[in-house]
Every structure is written in C-alpha cells, then in structure tokens.
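What follows is a set of structures for review.
In the two assemblies presented below, chain A is common to both, partnered first by chain B and then by chain C.
== the complex of A and B ==
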C-alpha cells in the first residue's frame, strides 16, 4: 500500500502526483444534482408515454424510494471507503477485483451515455428554438462535448464551481415556474383534473406502470455519482453523506413539482413524446419570460449534467488504469491541472461517436441499463459489507438505518426495472449483459495477471470475517 | 503466501488491450442500434374519423393541442401511436438466464480473486 502524505491540499501517494482535496459538501451536492437535474428537463416524461401521466407520478415516488435506498447505502459505504472511483473502490474492497472492473464499466457507460443524452438534448433544444430550416444539432453536440471535456481537463474545482452555479440556476427556474402557475389553484393555469381523468390516467393499466419504471429511473439517475469525488473532498465522512442526502431531497422536491406542473399543462400523449417538457410548460403558461427562462434552464441543466458525467466517467476510467485493470497509461494525472487528463481525452471520441449514431431515448436506455446493473450490485454489496465487517469492527463515517430493508427494497425494485426494460429494450439488455459477461471472461482469464494482488486492498481495516 | 509479482506489460500489449476494450464497447452499444433491435414495439392504431372527440380529447386537451400547433389530423399519429405490451416468454427466460449466469459468474470469480487479495494482504503482516 502506498503511503498517503498530506501536504496542505495536495495528496502525494509515494512519489506519484495525485488528485487534489479541494471540494466541500456544496460541490458534492452540485456534482450529484448537476448530473441528475437534466432528468426533470427531459427523459422522465417518456415514462408517461410508457404508462400514462399517473404512471409517471407513481414511478416518481417508487423510483424515489429506490434512489433513497441507493443514497443511504452509498453514504455508509463511501464514507467508509473514501477513494476515487466511488462504487468501484467499494467493490474492490468488499467483493473482489472482477466485480470492481465491472462496476467501473457500469459507471463509465452510464455516465458517458448520459453525457451523450445531454449533448443531444442541448443540440435539439437550440435547433428547436432557432427554427431555421436545415440547421442540424451536430455542431452543437460536438461543441458541447469538446468544450466540457476541456473544462474538465483544466481542473476539478473550476469544473464543479461552474456546475454549482448552473445547477442552482436550473433548479431555481423550476421553483419559479411552479410558483408562477398558482399551484394552489386549479383551473386558472393548471388543469390537472381535465387532463388526467379516470379514463386516461393509466391507459395501459398496471403493466404500463411497470413499463414506466424504465424511464422513471431518469428522474434521479446519477445521484450516486457524488461518490466519485471521494478522493477529492476535504472531509469524505461528512461531505459525502451530507451532499448526497441533500441532493436526494432536492431532487425529490424537483421531481414532484415538475410532474405536477407538466401533467397539469399538457395531455399525456404529448407529454410522453416531447423532448422538452419543462420548456413546453413554460410556453403553455403564455409568459414569454417563463418560456425563455425554461429554455435557458434546459440548456444549463444539460450542460451541468454533461459536465458532471465527464468528471465521473473519467475518474472511474482513471481508477481502472491506476489499479492496472486496464493499461496503466490511463492512470496519469496532469502535472499542472492535477486531473485524469488521459482518461478524459480517451472517453471524448467515444462520447462524440455515440452522440452522432444514437437518438435520445436510445442513449438514455444505454445509460439506464448500466445504472440498474450497478444498483443491483449495490444491494448485494451492502449485505456483504455488513457481514464481512459488522458494526463496531471498523469506523464508519455514517451508518444507515433500517438495514437490511433498504437493500431488499433496492434489489426488488431493480428486478422490476429489469422487467420494465425487457418490455421495451429486451434485446438491448441481453446484448449489454453478454458484453459484460465476455469482457469479464477477458479480465478474469487474461487481464487479471497484470494486477498486483495485495495492493487491491488499501483500507486500514481488519481481515474480513469468513476469510 | 508468496507475494505475486505481475508481469510488466509492453506498449504493444497495452495498445492491444485498449483496442479490445474499445471494439467491445462499440460492438455492445452500436450493434443493437445497427441491427434495429433497440426500441419498444409501438404502432399506430388508425382512426377513420380524425376529430378531437374521436381521438378521446376533451375541450381542454383540444385547446392545448391547438396551442401547441396541432390539428386533429396532425395529432392523430401521436395520440394513436400506442404500445402493445406482449410478454415474449422465451425472450424473457433467455434474459433471466443471461442475467443470473452473469451475476453468478461475477460473484464466484470475484470471490476467487478476492481470496488471493486477502491472503496476500494479510499474510504479509
């Protein structure tokens, strides 16, 4: 194990340059909410297409429960395993190297495809606003991905400061919209009773509600990304649980406000297919100010999300290189900016390529698939963590209550979501699982020989029980 | 337990490994798109009478559609484009088997590797 020596704000592992510990709880909040908030501006509404407006509300609550479980579990494990890579580092210490390799790939895929979705949304929004014949989204997509990659290349503090500001503006825009439409009065602007009726609330019945889980995930997907900053926060045990739980509360409020306003302003058939539900809601209020505010907020939310995704995907990839699960070339830290610059640059063309070949809901589905695989791992991981190191055997930054209930809830909801994905993207799910299977065989039987065994366990813990 | 010394990987080997991963990523994500396997079964249930009433839209809904720039004719393909949820049992069973087999392999192989890690880590002390 390399000795970590704190020198002011700089951490040096032996003679290797490492990441900077400069972030506080607000940055953790900005990273988590920044990645996720775009889900309120697009994506969640596809769940209305799958099952109707009421189904979108039901999954908003139930998937909120799934993510509350994720946040609780994550806060406990990450406040104890504070290392770059988040869930990757957790898997390495609790389950084993192959699981860690897979978890890192889940993270990279989930975040890269989320970044792709953000860039497509941004490009499409600008094209729709411009209304110019022949204008395509390609140049806007390319510019978004390249500029944000450059920002990430230049430094994590600047990246997350930018995220904090633009996320806050986007969030405030939802609050302004909510209070501008007199939410306490039905009939003046909002017409929920006339748009969501007993006849159309669940047009496909309960199978539609289950199908809606697929895009219900999009309300909150990415909140677990807060853990990626574990090695760059000043006080992981305090900042990570605080930032993650505050982020989850923020998102639950935003999701409820978003559903209420959108379902009260447009028919579910339109709500289910639009790429810009909140921007459309702004238009339908008849206020040019709200319309323009929500247009700008849609762009800012997409930017914040893509920005956070590049940050997280690059750190997961960097961790793979540092542990030699992938070529160690990826583990380089920029000598001046102290960022995982090779990982950032490597993932850039992959994001660009998929931004041009996938459409929005395909890219969203890619991201969701990897996310749900990761949550399934998390539900099992926490059980193993508590079994191998029962309470009292190691110091935990945070201990989540009601164990094992959150883990069981999380596992069951993941199974329902797999079924929901099967209803729309079953072949995709099989193809991706086969990919993970094959790449796991490659790792286990070939790549693992380059891995230093004992170095994979770097926490100052006692030997796990049962070993 | 003797400390495991991994072999050093040369540059060509590193490049080859990177290529394997990149190709695998593109095949897994791009191939289903190329083969048209991505996307749910949605189809239009056409109506002869294209009126707001026939499309199941009340006066409030109709006024919003019109505000959004739609007529009954242009909204028809959106409103009548419906999912037809059919559970394809053979595909569902294949999906379940693939997922279970994947996770079983993942945990068993990981455990084997983890025991090596723990043995080396704690036998050093």
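== the complex of A and C ==
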C-alpha cells in the first residue's frame, strides 16, 4: 500500500478511505435491540385493539416465529456477504441488481420512517408529561433527529456505545417493572384472570388475530438492522450471528414480560388505544418511582431506536451510491470519523420534514410495509442462496438449521401480514406497491446504465451452480 | 421549565446542524472527491480473510 497521506490532523492509511472495523457483538446487539425495543413501549399494544388481549399474545409468539426465521436466515447470509448495506448487498449478489435496488429502498424507507415515528413518539411523550399549554413537540423532534445525526456523523463506535447503554437501561426498566408487580401472584397487583376472560379474550374471533398481525410486527420490527453493521464489525462471521441471535432472545423475553404485565393491569379496550402501555403500567402500579422510570425508559427506547435507524438508513443509502445505483457522491466516507457523512446529512432534512408534517400512524404504516416487503424478499433470497451455493461450496460463518422450513414459515407469515395490513391500510399498501413499481422502471430504463456492472459484485465466491 | 427546555432543544439543534454543515464544507474543500469516494465493498474482507472452506 502507499504511504500514509497526512492532511492536517487526519491520517489516511493507504489511498482509500473506508468505514472503520471497530465493532463487536455487543454493538451488534445494541444496534438490533436498540432499534426494536421501542416497539415494547408503544406499537405492539395496538394489536389488542384489532383482536383483543389474547390476540396480542398469540401474535407475540407467531410473529416471534417470523422474526426468529428472519434472524436465522439473516445470520447465515450476512455472515457470508459481510458488506454495508446488509440485505441490499445480499440481494445484489444472490438475486440481481433490480431486486437489490428495491431492497435498499425498502431499508431506507423502513428505517427513516421508523426514525420519524420514534422522534414523534419522544416529542409527544415529553409534551404529555409536561402538560403545559402551548408546548409543542417540534423542538424535541428537531433535537432528537439532529443530535442523533451528529452522533452518527462523529463515528460509529461512540454511536453504538451510547446505544448499548440506553438500550440496556430501557430493557432493565422492563425487568424491574416485571418483578415489582409480583408476577408469581395474581390478585395482589396483577389481575389477568379478571381482565382476560373467555368472554373477552378474542372479541372479534380469529379474524381479529389475523388483523392483529399488523401491529404484532412491532414487538420485533428492525432486528434485521444488525446486518448494516457488517462492514464495521471486527469479525462479521462471529459477531453478526451472535449479536443478532442474542438480540432476538432478548426481545422474545421482553415481549413476553411486557404483554403479561400490561394485559394484567389494563383492559384490552384501553390497552389497544394508549400510546404508552408500559408507562401507563408504571402509573397503575401506584409507585412514582416506577412511573418515572418507565417515562425515562420510553424516551431512551425511542432515542435508541432513532439512533440505530439513522445508522442503518445512512449505510443503505451509502451502499447505493458506492455501486452507482445512485450518484456516487453519496458514497463519500469522512476521512476523520470514517462515517458515510454525506448520506447522513442528506437523510437528515428528509427525516425532519416527515417528522414535522407526517402523522404517526402513517409513518408507522410506511415503515411496517417496507419492512414486510423486505422479509418477503429474505425468504426467497435464502432459497436462491442455498440453491446457487449449496453447503460446502463457500465458507459460512453460521448455517441455519431446518432449511427450508424457516424460509417457508417466513414467506407464509409475510403473506398473512400483508393481508392484515390490507384490512387496515389497503390504500397505503396499493400506493406503496405502485411507488416501488414506478421507481423500478426508472432504475431499469434510466439509472442502471450508470452502474459499473463488473465492479458491483465484490464477494470472492465460486461460480454459482447452474451458471 | 418545559418551555425553557424547548428553547434549549432548538438552540442545540441549530448549533449542531451548523457544525455539521461547517465540517461538511471543510472536508469537501480539503480532500479530493477521489479520496472521499474511494471506499470499496468487500475490500477489507478480501485482504484480511482468505476465502477457504
């Protein structure tokens, strides 16, 4: 390599500026769980409105199965395709450029809209706590998005160290709440047997359970974001499967505890419409300490999620620029902080604009739809991956068991979720499908001619079987 | 107190946004476009890990 080029205080080793490999499994955990955990503080409970408290529990486990499949599939593929962009890089190597372009857009929209939802939630939570007339959420939204963008701009290590701490505090608050209400004794604080009875457990029958899938996604939405760190972890083959699977186990435990406490303290009619189920649970215990702890934890969970989303959306956008799917201007890496700084800055005003004008429900639906489209792709992707490069032909950091069962389960559950979304937000589903179709035409007929076709396939793999 | 906190949030947002814009301008005028966009996918992976089964 060439000698170091020194400019001011920044030293560039060699003639290339790349993202830094500084992360370990704990950072991967912090990224995945950080993005998701806000779903326990708000979001999942709307499934109770769709189908009752028992439906919220049923989808907790069934959607848990969907995401366990996602985590297993993702761990196998990404431990092999270790590049920023995560599922985008996977799609590029395994399916093809048009699929990759769409997957990258799914990622950017899913994470940017989730970031917007987090910022709105944080602003609304502070306004609700303050109870001051004339106080609006705009300043809190702006501070959330700008401060976190700044943190991401300054470096990935500090960003995910902060995420680890605030995610851990939010998680521990759920554990503290759980053990504070004597979960082993019904009747003292918890009244599950009175609130969930055979008469009201499934008020809309099994169609209510199907409809609940739409918001059941919130228990785990975003765990697949761990793959965006692939180019910045020290050992992708070890850290990514370990961090992702540990994150999924953590979330399954958190989801079960959250449902149990909330369903035992609130009737399903209220649980299904409140924006703050865990904070409300803290209030209902009668303990000011728990109430304030859950208020702070709600804010921290929203912050951690928005922080991870900025990280992931910027990496997906950066990867599109690096392969010239978008102008290569977006692929710049900061020579000192080693972050995709132009992508971070480009997405910042977009997030702010949506946060100021969009409604929370619309932003959440946009995010969920993009996420489910991505999961559908993953079920097809793993089938093609195993067919083109069977076990033994390339090195895998992790091999998921029971193939093709997880892929089939994932695909079927995605179809059920699409149906559930169609029941609640049919027009948005159709509008988004039309949007992705039109943008695909633009990519195919206009943008793809700018792509250096040979350069985009970077993995040193043998030829796929059948080619 | 909450109104004061709201003004502080606006202030922090403006200061940090201005800093990022300043740093962006400084970096873009100090380094060539070729250096800034020189990152390549999978490059470190190919160098640091031999692809053996």
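The criterion applied here is as follows: the second predicted complex is superposed on the first by the 453 of 467 C-alpha atoms of A that agree within 3 Å, B and C clash if a C-alpha of one lies under 4 Å from a C-alpha of the other, contacts with A are read in each partner's own complex, and residues count from 1 in each chain.
Following the convention adopted for this analysis, a residue touches a chain if its C-beta (ideal position, glycine included) is under 8 Å from a C-beta of that chain, and two chains touch if they have at least 3 such contacts.
Everything numeric here is computed off the predicted structure, so don't read it as measured data.
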Practice problem: Once the structures are superposed on A, label A:386 by its partner contacts, choosing first (chain B), second (chain C), both or neither. | Solution: neither
Quiz prompt | First, second, both or neither for A:329, with chain B first and chain C second | solution = both
Quiz item: In the superposed arrangement, which partner chain does A:438 touch: chain B (first), chain C (second), both, or neither?
Solution: first
Quiz item: Touch check for A:50: first (chain B), second (chain C), both, or neither?
Solution: first
Quiz item: Of the partners chain B and chain C, which touch A:134 in the superposed model: first, second, both, neither?
Solution: second
Quiz item: What is the contact status of A:149 with respect to chain B (first) and chain C (second): first, second, both, or neither?
Solution: second
Exercise. Determine, under the contact definition given at the top, whether A:345 touches first (chain B), second (chain C), both, or neither.
Key: second
Self-check item: Partner, of chain C and chain B, that touches more residues belonging to chain A
Solution: B
Exercise. Return first, second, both or neither, reflecting whether A:400 touches chain B, chain C, both chains, or no partner chain.
Key: neither
Quiz item: Which chain A residues lie in the overlap of the chain B contact set and the chain C contact set?
Solution: 328-329, 456
Quiz prompt | chain A to chain C touching residues, read off their complex | solution = 5, 7-8, 12, 15-19, 21, 82-85, 89, 126, 130, 132, 134-136, 139-140, 142-143, 146-147, 149-150, 153, 231, 236, 319, 321-323, 328-329, 331-336, 341-342, 345, 348, 392-395, 456, 458-461
Quiz item: If you look only at chain C, which of its residues touch chain A in the complex?
Solution: 2-3, 6-7, 9-10, 12-13, 16-17, 19-21, 23-24, 27, 30-31, 33, 35-46, 51-53
Quiz item: Okay, in this complex, where on chain A does chain B touch?
Solution: 49-50, 91, 95-100, 102, 109, 113, 191, 194-195, 197, 199-200, 203-204, 207-208, 211, 265-267, 269-270, 273, 280, 284, 324, 326-329, 346, 350, 353-354, 357-358, 361-362, 365-366, 376, 380, 418-419, 422-440, 442, 444, 447-454, 456-457, 463-464, 467
Exercise. Give every residue of chain B touching chain A within the complex, in rising order.
Key: 3-4, 6-7, 9, 13-15, 17-18, 20-22, 24-33, 37-40, 56-58, 60-61, 64-65, 67-68, 75, 78-79, 82-83, 85, 87-88, 91-92, 94-95, 98-99, 101-103, 105-107, 109-122, 124
